[in-house]
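Below, subunit A partners subunit B and then partners subunit C, in two separate complexes.
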Partner chain A sequence: METLIIHLLNSLLYASVLFLIAGGLSLIYGVMRIVNLAHGNIYAVGAYTTAWAVGRIEGGAPTIALYAILPIGAVAAAALGAVLEPTLLRPLYKRPEEYQLLITFGLLLVLEDVMRFIWGAYPLSASALFEGMGSFSIGESIYPAYNLAVIIVGGMAAAALWAFVYRTKFGVILRATSQNMRMASALGVNVNQVYVQAFTLGCFMAGLGGAIIVPQQGAVLGMGVDALILAFVVVVIGGLGSLEGALLGALMVGVVREFGITFFPEIELAVLYLMAAIVLLIRPAGLLGRA
Partner chain B sequence: MAEDTSRRDFLKSLGVTVGGAAITAAAGVVSGPAKAEAQQPKGTIPDKPFKVGHMTFFTGAAAVLGEPMYKGHILAAEEINAQGGLLGKRKIETIKADEAAGTDANVKEMRRMKLSENIELFTGVTSSGNTPALGPVAEELKLMTIFVDGCTDFLWDKAVPNPHYIFRITNMQSADGVTAAVGTAMTWPQVRKIAHIHPDYSYGRNAFDHFTVAINKLVPGTKVVSEGWPKLGTTDFTSHITKAISAKPDLLVSSVWGGDYVAMYKQALRYDLFKKMKFTSMIAFGVAPHAIGKDHPQGVIAGIHSNYYFTYPTSNRWPLNDTFVKKYYDRWKEYPNFQSEGAYVAMHMFTMAVERANKLTGGWPDDDAIISQLEGLSFSGPAGYIHIRPDNHQGYKDAVTGFSINTSDYDFQILDPKRMITIPIRNITAPPGWPKGEPTSTYTWIEKTWPKVA
Partner chain C sequence: MTMVTVLSRRLLLSAAVILALLVILPSALDPYQTILLSYGLIFAIAALGFNLLLGYTGLLSFGHSAYFGMGAYAVAFIVKYLKITSMEVFLIGGILASAAVAALFGFLCVRYTRIFFGILTLALSQVLWSLAFKFFWVTGGTDGLRVPTPSLLGMQMAPGQDKMTFLAHRYYYYVLIIFLAGLAVMWVIVHSPFGKALQAIRDNETRAEFVGVQVRKYRFVAFLISGAYTGLAGALWVPLNGLTTPEILHWTFSGKIVFFTVLGGFQTFVGPIIGAVVYNYLETYAVGHTVYWQLVLGIVLVVLVLALPAGIVGTAKRLGLRLRRAA
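Right, the complex of A and B next:
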C-alpha cells in the first residue's frame, strides 16, 4: 500500500512539472498558432537562473531567503518571452508556418549555446532547497517533502491558470483572440498586446517548471530538448492548444511512465511514445483537442 | 581450474590489490611523457604547423565529460608547444568539433577535417556510439587517430578488427562491469539480491552484462531483483529509486554517470536509499571531481570508468601524477578526471612515438614509422604504466576503482587513495587471440574460463 502511495506521488510529481511546460506550450499555440520549439530551453533558462541565483547567495543567507528567491527563474523566463515575441516572432506572423518553425528551432540552438556560454558545461545544482525540507514517513518508507511541495505548486498553478483563463476579463479576450483573431481585432482588441502577454505567460509557466524542479534534479545542458520532446508527447495526447488537454496528458504520461518503469523496465522509453501513437490513431487531434 | 576454488584464491590469482601504493609493472621500456627528450631531432624538420582534430562533447549532457577531455588535450598541446612543438619545430594547432552533432555529422566532420583542413592527427571522442562509426572511416582516410574514450569492446571486436591507423587510450568498456563485480565480491561477498539502474544505451547494457557474468562467478547464488533503464540524460530518478527500494535488494549497481548521477544520488539520499542497501557504481566519480558534494554517501564503491582518479597514485609515490594534477589545476582551476588524463596522455604518447621514429628515420617520420613505434609501446602516464597492445591497438592500464570518502583536504568528496582496488587489466580482459564473442570477447572468455568460486 505504502509503495502504491509513493508510486502515485511520483506520478503526480512528474505530471506537475510536465503540465507547467506543456501547458505553456499549449497556451502559446492556442492563442498564437505558433509551435514554439524553443519552449524547452525557456524551461531550461528558468532552471539555470534559479540554480545560479541560489548558488550566489547560498551559505550567506538564511534558508528562507533561498526559498524566496526560487521564483526568479520563472521571472527570468517571462522577461525573456516578453522580449522575444515582439522582436523575433512578430515580424513572421504573416509568413507561412515553416518560418516560425525555423526561427523557433534556431532560437532553441542559440539558447542552448547561450546557457553553455554563461553557466558552463558542468551541472548547476540548487539542492540545498531540496535537502532543506527533509523527508517524511509513509509507513516504513520515507518520501522527500520537497517533492510534495512541487506537486502542490503544480496543482495551484493549474488552478490559477484555469481561473485566469475562464474567470477574468483578460481570459475572455484571450479566448476570443484564440477563436478568431480577425474578429477580435475588429472589435477593438489590441492583438499585438494579447500576443505578447500570452507568450510571456506561457514562458512564465515553463520557467516556473524549471525553477521548482531544479532543486531536485539540477540544471544540465540538454535538459531543454528532453523536456520539449516530453511536452510534445503530452500535447499530442491531450490536444495541442487545450489547457485541459495538457493537464490530462501530463497526468496520463506521469502515471503511465511510473507504471512502465515498475513493470516493463526494458521498454521504459517506448511506453510513452506507444501511448502517443495510439492516441494519434484513435483521435488525431488529441483527447481534448479541437479537430 | 577446479570447481572448488575459493574466492580469496581466485581474487589473488587475478592479482587484485587494495591499498595506496600498488602499481603493477607493465612489460617493456618505461619513460615519462612529462620529460621531454633533450636530444636534437635528426634531419631537417619542416616548421609547418601540425594540425590536430579534436572531437568531443561541447554541448548537451555529455559536455561534463567532453570539457575535461578538451582541457587535458589543450594542456598537453601547450606543453609540447612550449618546447617548440613536435620535434622542436612543428607547433600543434587544434581544430575542435562538437561530438554532440550526431554520428553521421561526426563522420562528415572527420572527413572534412582530413580533406579540407589537412589534419595529420585526430583525437578525442567520448561516446561508444561514435568510435565504431569513425574508426572505419579513419582507416579509409589513412588518418592517424587516437581515440581518448568511446570505449566499447565492439570497436575492436567487430567494427575494426585489424586496425592500422587507429588507437585507443582508455580501458575497454567491459573492464567497468568486471572491475565493479570484483570490488563488490571482495568487499561485500554476502550480497545476494541485486538491483540495477543503468542508462539505456550501449554503455549501460555493457556494464550490466559484464557485472552480471563476473558476479555470477565470484559470488554464486546472486539474483537480479530489480532493473531500471532510464534514458541517458534523465535527471528524474524518483521512480527508479522507488522501484529499487521496494525490491529490498542487498546491493544496488549503477552505471549512471555525469550530471545524471549527481541528480540520482541527491534524490536517493532523500529516500534513504543508501541506508537500505550497499552501492556499487562503475563510473560515479568519473565526472569532474568537484561535481560530487560532501553529502555523497561514504564508503560506497564509486567507480571511475576503471581508468584514473586524481588522488591516485598517491602523492609522493608517483611524481608523474603529482606534476600532472598540479599543472592541470594551475591551468584550469579544477582537478582532472579520467578524460583529462586520457586526452593528455594521448598527445604525449604521440609525441613520444614521433621522437622515436625520428631517431630511426631522420626528418619528419611518415605515419607507418610512427605507428610501428606506437604498437607495443609501454610507458608511464599520470595513472601508472600503459601498454599499447600491438594486435588491437588498445591502451591497457591497471583497472582501478575505489571507495568514497570525505577528507578535509578537498571541499568535495574524493576516492580514498588508501583503499584503491587495482587489477592488472590483462587478468580481466580476453587475451590476444581469444575468438570474437557475443556480446563481447571478454564476456565469453569470463563465462568459459573463470571458475565459480566456492
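Right, the complex of A and C next:
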C-alpha cells in the first residue's frame, strides 16, 4: 500500500511537469498551428535560469528568498518566447508548415549551444530548495515534501490555465483565433498580438515546468530534447491543441513512466512511443482532440 | 537550336566534368579528404531516398533515422551473429531490413499527411531508438556495435594494408559506384509514370485520386523505396564509421537528413545530393573548430529558411535564369 502511494505520487510528479511542458506546446499549436520543436529547450532555459539564480544568491540569502526567486525561470522563458515569435516565426506563417518545423529545429540547435555557452557543459543544481522542505513519512517510508509541492504547483497551474482560457475575455479571443483565425481577424481581433501572447504564455508554462523541477532533478544539457519527445507523446495521446487532452495525456504518460521504470524498464520508452502511435492510428486527433 | 537542348547539353557536360573529378579525386587528395567525401556521398544516397518523399510526394518524414539506423544495425548484427564480413551481404541485409521496417511503418504512416505524418514517423523511429538504447545485451547500448572492414566483391583487405588507404581508395570507389547506380535508378523512378503520379499526389491529392491514381498505395511504395535507399546508405556508412550507436536512430539524426535536403533544395533532383555533401563538410569543420558547432549549424538553418528557402541549387538556378534574362 505504501509503495503504491509512493508510485502514485511519483506519477503525479511526472505528470505535473509534463503537463506544464505539453500544455504549452499544445496551446501554441492550438492557436498558431505551429509545432515548436524548440519547446523542450525553452523548458531547459527555465530550469537553467532558476538553477543559476538560486546558485547566485545561495548562502547569503534566507531560504525564503530562494523560493521567491524560483519563478525567474518561467519569466526568462516567457521573455525569450516574446522575442522569438515576432522575429523568427512571424515571417513564416504564409509558408508551408515544413518550413515552420525546420526553423524551430534550427532554433533547437541554437538554444542547445547558447545554454552550453552561458552555463557551461556541467550540470547545475538547485538542491537547496529541495532539501529545504524536508520530508514527511508515509507509513514506514519517507517522501520528500518538495515533490508534493511540485504536484500542487502543477495542479494549480492547470486550474489557473483553465480559468484563464475559459473564464476571461482574453481566453475567448484566444479560443476564437484558434477556431477560425480569419473570422477572428475580420471581427477586429489583432491576430499578431494574440499570436505573440499565446506563444509567450506557452513558453511561460514550459519555463515554469523547468523552474519547479530543477531543485529536484538539476539542469543538464540535452534535457530539453528528451522532454520534447515526452511532451510529443503527451499531446499526441491527448490531442494536439487541446489543454484537457494535455492533462489527460500527462497523467497517462506519468503513470506509465513511473510503473514502467519499476516493472519493465527495458521497454518503458518503447511502450510510451507505441502508445502514441496507437492513439494516432485509432484517433488521429488524439483522445480529446477536435478532428 | 532550342533552349532545352542547350540546357541539357550543358547539363550533360557539367555532369561529365563532375564525374571525372569524382573519379580522379582520391589520387589528388589525402586519404582523410577522400573519406570525408565518401561520407558525403553516402549521406547523398540517404537524401535522394528522403527527397522522394519530401520533394516528389510532399510528405515530410521526421523519422528517417529509423531506416538509416536499421541499415547500419542490420550490418552489425550480420557481423555479430553470422560472422560474415562480405560487403555485398551487408548491402543486401541492410536494404532488406530497412525495407521491412519501412513497409511496417509506411503501412501505418501513409494514412496521414502533413504534421501528423511527421509526428507519427518521429514517434515510430523513437521506438527503435529506445530499443537500441535499452537492449544493451543485443545492441551494445550506448557503446554500440563494432563493424570490421569488410571484403569487397570477395576481396579482403590485404594483410598489413593500412585501413585508411583501403577506405580512401577501394571503398571510396565502391561507394561511388553504388551512389551512381542509386542516382540513375532514382532518376528513372522520378521520371517514370510512377514518379509523375507521385508529383500529382503532391500537387493535388484530390485531383490525383480523380484521375485514377491510387493515392495511398503510391505513397506506400514511395515510402518503401525511400526507406530502402536510406537503409542502403546506413549499410554503406557503418564500415566507414567502424561503429554503430543509438545516436543514428535518434530523431535529431532525422532532423539532419531533413536539414541537408533543404540545404541543397528539395524542389530539384540534384539539390539533396549537393546539400548532403556540403552539409557533411559544414558539420565536420564546425565540429573540428568549435564546441559550439550546433550553434553554427542552427544559424545556417535559420538563415536558410528565412532567406533562401529554395536551397543552394534552387537559388543558383534562379540566379542563373535572372542572369540569362539580363544578358
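Note that the second predicted complex is superposed on the first by the 291 of 291 C-alpha atoms of A that agree within 3 Å, B and C clash if a C-alpha of one lies under 4 Å from a C-alpha of the other, contacts with A are read in each partner's own complex, and residues count from 1 in each chain.
In the analysis below, a residue touches a chain if its C-beta (ideal position, glycine included) is under 8 Å from a C-beta of that chain, and two chains touch if they have at least 3 such contacts.
None of these values were measured; they are calculated from a predicted model.
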| item | value |
| --- | --- |
| Fit or clash between subunit C and subunit B when superposed on subunit A | clash |
| Contacts of A:232 with subunit B and subunit C, given as first, second, both or neither | second |
| Touched partner set for A:265, first subunit B, second subunit C, both or neither | both |
| Touched partner set for A:191, first subunit B, second subunit C, both or neither | neither |
| Touched partner set for A:255, first subunit B, second subunit C, both or neither | neither |
| Touched partner set for A:113, first subunit B, second subunit C, both or neither | both |
| Touched partner set for A:82, first subunit B, second subunit C, both or neither | neither |
| Which superposed partner A:123 touches (first subunit B, second subunit C, both, neither) | first |
| Partner chain in contact with A:131 - subunit B first, subunit C second, else both or neither | first |
| Region of subunit B that runs into subunit C when the structures are aligned on their shared chain, from 19-27, 127-135, 307-315 or 379-387 | 127-135 |
| Contact residues of subunit A, present in both the subunit B and the subunit C interface | 112-113, 116, 121, 265-266, 268-269 |
| Interface residues, subunit A side, partner subunit B - complex | 3, 6-7, 10, 13-14, 112-113, 116, 120-123, 125, 127, 130-131, 134-135, 141-144, 146-147, 213, 216-218, 220-223, 226, 257-258, 261-262, 265-266, 268-269 |
| Subunit A-facing residues of subunit C, complex | 54, 60, 62, 108, 111-112, 114-116, 118-120, 122-124, 126-127, 130-131, 133-135, 251-252, 255, 258-259, 262, 291-295, 297-302, 304-306, 309 |
| Residue numbers on subunit B that touch subunit A, as the complex places them | 58-61, 63-64, 66-67, 200, 226-231, 233-236, 238-240, 242-243, 245-246, 258-260, 262-263, 266-267, 269-272, 288, 291, 293, 295 |
| Residue ranges of subunit A touching subunit C (in the complex, touch as defined) | 35, 37, 88, 91-92, 95, 97-99, 101-103, 105-114, 116-117, 121, 225, 229, 232-233, 236, 240, 265-270, 273-274, 276-277, 280-281, 284 |
